[in-house]
Amino acid sequence: MIDSLAVLAVFFGLFFFLSGSIGLLRLPDVFSRLHALAKADNIGLAFVALGVILLEPGLLNDIKVVIIWLLVMAASAVSSHLVARRALRKERDDD
Amino acid sequence: MISAGAASSILTIALLSAVIVLLLSLFIGLIRAWLGPSVEDRFSAVLLIGTGGVAILMILAIVLQISALYDVALVLALLAVVGTVALIQSERTHD
Amino acid sequence: MISTQLLYALAGVGLFAIGLRATLLHHLLLPRLLALNVCGAGVFLIFIAIAYAGIEGMPDPVPHALVLTGIVVAVSATAMALALGRRLENIKSDAIKSEATKSETLKSAAVKPEAMNDE
Amino acid sequence: MIEILWFMVDVMLVLLLLALAWTTCSSRDVMRAVTLFIAMGLLLAIIWARLKAPDLALAEAIIGAGISGALLLSAIRDYPSTAIAVDRSPLMHSIINTFTMALTIVMSWAAWHGLNMSDGVRLSEQVASQLAVSGVSNPVTAVLLNFRAYDTLLELAVVLTAVLTVLILNDKRADSTAPGPLLQGMTRWLVPLLVVTSGYLLWVGAHAPGGAFQAGAMLAAAMILLQLAYPSIHQGFNLYLLKILLVIGIFIFVLTGLWMMSVNDDFLAFSPAHAGTLILVIETAATISIAAALTLAYIGGRPTGWEADNHGNRAMTEKGGAE
């Protein structure tokens, strides 16, 4: 029961990953691409992490997975901001 | 560790297909890294590989029963930021 | 299991070949260094493919230890090569600068190229 | 079914790796090549995890994604042109291609033949049989710091030599752009996390994947991040201390080896009773030395005030080179 729930969560996360990477490929400029990427980063990984927590019996490992997810959230926010700002600065320089 | 017998083999099949889908999504993201055109586009693809890699490592930790892979995922999540920062700071001053 | 080992070992061979070809083709230092690192990754992959012992089996730890040291040595060697490359670039740009000054004032430029030859 | 799925995973990983390697090596733009190389490092970490080598996956994730990425990206600034031109003659081009093809065929044959031959003495069995007396329960750490401690000692010496070369050349990197406030704010919470993780990796190395190399690289990554966010921070280093930290790994290693020689008549032959403690001491010292070495390698030259009399670094090198 828990296994199937976990698999469901993982596959739900996969959907976000796939749509994120398709967005990365199809969207027209850097900023909208970064926006698509953030979906994959935050929601996709959140569901995969949820599935993994359901499957992983060790409490310490569960805590680690939660920490990983929080870190990826923070890291992706900061990284997207930095990358977008660099792109914006370059765009301004070109004009 | 996981509930024994036939259920776990179905679980393994589901999780392995999840890994395949994640690899497919990395591949789609990589096309963006190959096409570019700007450095920021390429780097958003690298960010996607970082996050997708974290997801793959967490799933592999369950399939292969190696809990050290959570540490690897943690390290990957932490270090993805260092790479981004290096990219942002790598702009030439004399351009 | 042997097919997995073979697959990764052949991938290692492929990686080595790609890296080697690029190392020989490029002139610039940075692409060459990247290619050499790709080469090294190929060798590491062959080692780890041989150490692999199936999903259930425990892999051989000796190649793992060797490759671990190899990764650290590779990154320090890369740093060293980059420092050497920076030195070369600086010498080149100094030489261009001293060429420029030579055409204007003859005396001050006479010392610099000699110091460069010694290095 | 499971075998087929594993095979598909393997094939996809291998294809991705080869495609990344090919595009890295055939890029016409340095920035593209370096970015793809970083992506390849991330992929390699996944492949090591797949091949059940978590120690390597850790090291690759730290070094491939963090340190060599930062090293190469900062190196781009030092090169005047970003375009990669291949101007070999057509003849040379085809000679190189033929040579590489021939070598690939020979090596593939060797790999195929080597894997199909009957196993010789598997070293893994020897390691497993001696693991109990090694003082640690992680076989890779046991190999690195007990069974093949000579290798590790010499490897530390190699890293030190590389860093000494960097220090002797002393050509600093070009200045980077001024860091923004967000970057500095993030550094303030990320660096402590990296340092704590480094300590965790060092401690956990005795019984699980981790150890001196991973911990040292992690500490170096923390220092590099600090360096990126606060470019002038290395001017505040205590240089006397830094010089000691740089060599303390080898010093403690050799000292322990000599001490063991006086007890057991053999250099670096640990007595099983003390092995665990000794390995932890050596690993701690090695962690510090590797971190100092990689940080200095990234800075790419002597921090200000390295020489005691401090008469300008370049002048000293010039004189030293001419003698």
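For clarity, chains are labelled A, B, C and D in written order, and residue numbers in each chain start from 1.
The rule is simple: a residue touches a chain if its C-beta (ideal position, glycine included) is under 8 Å from a C-beta of that chain, and two chains touch if they have at least 3 such contacts.
Predicted, not measured: the structure shown is a model, and the values here were computed from it.
Student: Mind listing the chains that sit against chain B and also against chain D?
Tutor: Chains touching both chain B and chain D: A.
Student: Which two chains are joined by the greatest number of C-beta pairs in contact?
Tutor: Looking across every pairing, the one with the most contacts is C-D.
Student: Counting in whole Å, what is the centre-to-centre distance of chain A and chain C, each centre being its mean C-alpha position?
Tutor: Averaging C-alpha atoms per chain gives centres 33 Å apart.
Student: Averaging over Cα atoms per chain, report the distance between chain C and chain D in Å.
Tutor: Measuring from centre to centre gives 13 Å for this pair.
Student: Using CA atom averages as chain centres, what separation in Å is found between chain A and chain B?
Tutor: 10
Student: Just the number, please: Cα centre separation of chain B and chain C in whole Å.
Tutor: Chain centres of chain B and chain C, defined by C-alpha means, are spaced 25 Å apart.
Student: Which residues does chain B have that touch at least 2 chains other than itself?
Tutor: 24, 26, 43, 45, 64, 67, 71, 74, 78, 80-81, 85, 87-88, 91
Student: Quick one: which residues in chain D touch 2 or more of the other chains?
Tutor: 6, 52, 55, 76, 183, 186, 193
Student: Which parts of chain C, given as residue numbers and ranges, touch two or more other chains?
Tutor: If we look for residues of chain C contacting two or more partner chains, we find 55.
Student: Any two chains that touch count here, so list every such pair.
Tutor: The list of touching pairs comes to A-B, A-D, B-D, C-D.
Student: Could you please specify the touching residues of chain A with respect to chain D in the complex?
Tutor: Residue list for chain A touching chain D: 71, 78, 81-82, 85.
Student: Which residues, counting only chain B, touch chain A once they are in their complex?
Tutor: Touching chain A: residues 1-3, 7, 11, 14-15, 18, 21-22, 24-26, 28-29, 31-32, 38, 40-41, 43-45, 47-48, 51-52, 54-55, 58-59, 61-62, 67, 70-71, 73-74, 77-78, 80-81, 84-85, 87-88, 91 of chain B.
Student: Show which residues of chain B lie in contact with chain D when the two form their complex.
Tutor: Of all residues in chain B, those touching chain D are 9, 12-13, 16-17, 19-20, 23-24, 26-27, 30, 33-34, 36, 39, 42-43, 45-46, 49-50, 53, 56-57, 60, 64, 66-69, 71-72, 74-76, 78-83, 85-93.
Student: Could you pull out which chain C residues touch chain D in their complex?
Tutor: On the chain C side, the touching residues are 2-22, 24-31, 33-35, 37-38, 41-42, 44-46, 48-53, 55, 58-62, 64-69, 71-73, 75-80, 82-87, 89-90, 93, 115, 118-119.
Student: Under the stated contact criterion, what part of chain D meets chain A in this complex?
Tutor: Touch residues, chain D against chain A: 180, 182-183, 186, 193.
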